[in-house]
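In what comes next, chain A is part of two complexes: it sits with chain B in the first one and with chain C in the second one.
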Partner chain A sequence: MATRHFRSTARLMMAPAVILLLGWMLVPLTMTLWFSFRRYLPLRGGDLGWAGFDNYVRFVTSGAFWPSVQTTLIIVGGVLVITVALGVVLALLLDQPIWGQGAVRILVIAPFFVMPTVSALVWKNMFMDPVNGLFAHLWRFFGAEPVAWLSDVPLASIVVIVSWQWLPFATLILLTAVQSLDREQLEAAEMDGASPLARFGFIVLPHLSRAITIVVLIQTIFLLSIFAEIFVTTGGAFGTRTLTYLIYQRVLESQNVGLGSAGGVYAIILANIVAIFLMRIVGKNLDR
Partner chain B sequence: MGQITLERVSKSFGHTEVIPPLDLTIEDGEFCVFVGPSGCGKSTLLRLIAGLDDITSGAVLIDGQDASDVPPAKRGLAMVFQSYALYPHMSVRKNIAFPMRMARIPQDEQNRRIEAAAKALNLTDYLDRRPGQLSGGQRQRVAIGRAIVREPSAFLFDEPLSNLDAALRVGMRLEISELHERLRATMIYVTHDQVEAMTMADKIVVLRAGHIEQVGSPLELYRTPRNLFVAGFIGSPKMNLIGGNEAARHDAHTIGIRPEHIDVSEDGCWQGTVGVAEHLGSDTFLHVHGTGFGGTLTVRTTGEVTLAHGDTVRLLPRAGRIHRFDASGLRIV
Partner chain C sequence: MARAVTPRRKALNTALAWAIGLLIFFPILWTILTSFKTEAEAIASPPLFLNFDWTLENYAVVQERSDYMKFLLNSVIIAGGSTLLGIIVAVPAAWSMAFVPSRRTRDILLWMLSTKMLPAVGVLYPIYLLFIRLGLLDSRAGLVVVLMLINLPIIVWMLYTYFREIPGEILEAARMDGAGLREEILYVLTPMAVPGIASTILLNFILAWNEAFWTLNLTAADAAPLTAFIASYSSPEGLFYAKLSAASTMAIAPILILGWFSQKQLVRGLTFGAVK
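Moving on, here comes the complex of A and B:
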């Protein structure tokens, strides 16, 4: 009896949280699905009735769709490669005993505390501006022609900005993994004749594989939906329009909620495809 | 091949000198045990020989060649670590093959050595498992296998049995001793357990605070401990140390007598009350109070003694078995 009472009380107590979370997730999802089947043009007559699959067909057949998927994947892939590679290097360096270790570690984590909008604006105006930017000054100092980063190499610039934001996250997780490596294993490998490079390849990297998996999974979830960095830098121009940004344009710039919602459903599908791929490739690392 | 000589070797960490300059020679094929309480510098000494730590001054000679500046991998030594330090993501086979892979030994030669090592260490059925799937004793054997296949001139063991339970420890002790008999390679073995030292060693080096207290065969150390520290450290149960008037009667500051050299006898010269009698079956250890010497006296007698708490006993030390020490703790010859 006591147990049963206890269980029902527990359920009752948890109910508000569960219902809130369910609503939080289900309401927007249902609304997106609902609008994606409607002809809904807020400034041109409002809800104009059923559209069937028209929105879905229009979204995919539009010339902007496939390039936006490609852009999304390039940004996600590029940021992952840069953050994981640099994250491993930084983690190994931060693991060394240095003077002022605590302060250095906090400084390394700092970019993560800066809001995406702010950091993108700082990068755009202070570093990448072709007239007054720090890079422009640097280029001119060496007698070179300043690069107009955000219009000449816009995709790479955005990848750099986003990587800068996410590098602390990768470094932090990888640093804790590096610190948990058994020193005796490295010493054993040293006695076994492994060069520093071989020790990294055979001992350190396999030890980090699980942490790298976690970094890749978590970052992918967040990177698929980056928006602010594109909004404040290029505004989606110069081939930097991701799927998220395309949906934003359809809904708010073209004022076509139905079409944008159909895009949203495609974004959900894309995210799931990417997730399944990731789970297949790297997820098995988590089983060990 | 495998004579190791330490010449005035010392080690300091910052301003702390953990090993003052010491000399030691370990002969080829010898089983040498470094023993001492924790923190005495025995592991540090082993790491200096291995090259994992750099010596502060002096020289490490391997087969007469100065190896002080030779990197660990080039010294031809193999080490077995306390935590075994197996590579968790590699199978047993790959673990054992790792040093050979690093040395770029041909594949068929690698396989031959792995098979031989696996057979010798009873690991043949486990070659494709990961270290995480093995028991403590098996992991220990993999670590030894990884050392054997390098065919080193000397093996270094850093407290290899301290992570095993008591029963396994006895078994592995025998296996390592047998391995030494078979390979006849130099082995240096670090332990804080004097039983391991006594049973395995050809030569024991007793260390305290970085100093060598005594070097000798197990029986030499047992029969003629050079000072009070060695006397108290070697032997189980510990030697009884008696000061005061009783020591003065023997012209010494302290006298020592081992529990096995005291007999329970009607005409014994010492008298006391049994505090605890530990019956092991084969032996009985009596802890005797009230002898007037201060502290308890441990006595080892045969297993069939029926003495119990509160009984009064008379004790007779065997002639010629009393060790005498002077005020500075050194043995009086």
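Moving on, here comes the complex of A and C:
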């Protein structure tokens, strides 16, 4: 049907997007790779020559590396567990017939639209501040000693803040999945005497498994690179330095570009491992 | 689908859902309330909920002391500019992939998506260096380009899924009637795709507005948008809760309102069609 001329015009129309993204990917990536093999200290002598794999070795053997991996895993894992578990509960609840469904949905989704620096600062000052925060008032009201959240339990505090931001996303996607559930199957199971727990375990949860996988994968990719929440709350202190934050500090704060770039390459590899799984699911969906 | 439930059960569910909804919304509500207090009322113990003297003073002070309008304008220009630029680049690409697919279309789409997964911190220094060399550091133009590039995969994907829903027969009919490529896109496709394009613009404007890695690292005084302006409140200088709240409320209010319109697009735009 379509002529050859028509087809080549169509190809041409794709060119700007493809070329831009190709440039966006290749240019900085090549530079990062290049720097990662150099001793490059912009403020202390500049490019001091070839370093081989020194930066890669030094990055993983430095004392800050394993703690940062641990911190990253705790934050990503903690947020995933909280948002998926609460997300399933909320999605099932919002799927029920209730009065003011639309309004409740708006309330639940709202945190997703708050910019990261605002939510981090609001939580830090107005809720978690050990003197004037709302939690401190609450603790004192019950006669307890207020907690300095961000210095005493910094990781848990950041997990709470980030979970609050991402719960809406998980809920919304899981709700979309819940709504495509086969009602007749559920009713049949109910008539056959399946308990609510059995119905949840054998029908609802398997139905949601795909959506849960997608939530986990997409959130993991975004959570691996959270930055603003740490930047404005602790600045990486009190053991809240994630891999992303560690690389940021190496590159911009201590200006050890070679070392930071090696870390950057590790981060890129890590993100790609997660991305491969996500792409498989998305790709399968494209074929349908 | 509405199911029959007993009124008692419905009342219970309603109460529970509203309680959880209000709990989740509370930090935002509290910020808005605090923005209308004086600084003394903002840290009063026990906290004041509604029984304080409502004042607009904080809003005036924030604008006066920090030139809030400048940051707001930067946010609008950066988020708006990057979104529009992205749409201009993405519409032809998405059109081409949706209506003239080739064997490689699927791979190109997935590859575009994969560029979105590139961790920003991994390319922070190269971009920083390029910005210095090109004189783009702390410029709105530079951020418009970077944010356009990081959101381009999402824009292409969203448009692609919307275009795919338009029946190809309509385009073929137009072609039979002698419409050229330009007429086809301008007079046949675009009117049908307007809702999809509008949703795409909406969601990407929100994402660009809230972006807080590049905006924090590539701006200083001149091009800083609201994300960076708010971050400057992280160094405490005396009592500032009410002013922080006023600044925060102004920064999130427009997006909260836009966001409420974009709930459905959120799922489509951020799951790349994997959840329907």
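As a working rule, the second predicted complex is superposed on the first by the 269 of 288 C-alpha atoms of A that agree within 3 Å, B and C clash if a C-alpha of one lies under 4 Å from a C-alpha of the other, contacts with A are read in each partner's own complex, and residues count from 1 in each chain.
We take it that a residue touches a chain if its C-beta (ideal position, glycine included) is under 8 Å from a C-beta of that chain, and two chains touch if they have at least 3 such contacts.
All values reported here derive from a predicted model rather than from experimental measurement.
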Touching partner for A:193 - first (chain B), second (chain C), both, neither: first
Partner chain(s) touched by A:144 [first = chain B, second = chain C, both, neither]: neither
Which of chain B and chain C A:237 touches, first, second, both or neither: neither
Which superposed partner A:252 touches (first chain B, second chain C, both, neither): second
Which superposed partner A:81 touches (first chain B, second chain C, both, neither): neither
Which superposed partner A:275 touches (first chain B, second chain C, both, neither): second
First, second, both or neither for A:185, with chain B first and chain C second: first
Between chain B and chain C, more extensive residue contact with chain A: C
Touched partner set for A:221, first chain B, second chain C, both or neither: second
Partner chain(s) touched by A:60 [first = chain B, second = chain C, both, neither]: neither
Overlap of chain C and chain B interfaces on chain A (superposed complexes): none
Sites on chain A touched by chain C in the complex: 1-2, 6-7, 9-11, 13-14, 16-18, 20-21, 24-25, 27-29, 31-32, 35, 90, 93-94, 96-101, 103-119, 121-127, 132, 134, 137, 140-141, 164, 167-169, 172-173, 176-177, 180, 183, 210-211, 214, 218, 221, 224-225, 227-228, 231-233, 244, 247-248, 251-252, 257, 260-261, 264-265, 267-268, 270-272, 274-275, 278-279, 281-283, 285-287
Chain A partner contacts - residues on chain B that touch it in the complex: 50, 52, 71-74, 77-79, 81-83, 85-90, 98-99, 102-103, 146, 150
Chain A-touching residues of chain C, taken from the complex the two chains share: 1-3, 5, 10, 13-14, 16-18, 20-22, 24-25, 27-28, 30-31, 34, 43, 45-47, 89-90, 92-93, 95-97, 99-100, 102, 106, 108-110, 112-115, 117-130, 149, 152-153, 156, 172, 181, 206, 209-210, 212-213, 216-217, 226-228, 230-231, 233-234, 236, 241, 244-245, 248, 251-252, 255-256, 258-260, 263, 266-267, 270-276
Chain A - residues contacting chain B, complex: 182, 184-185, 187-195, 198, 202-203, 206-207, 209, 288
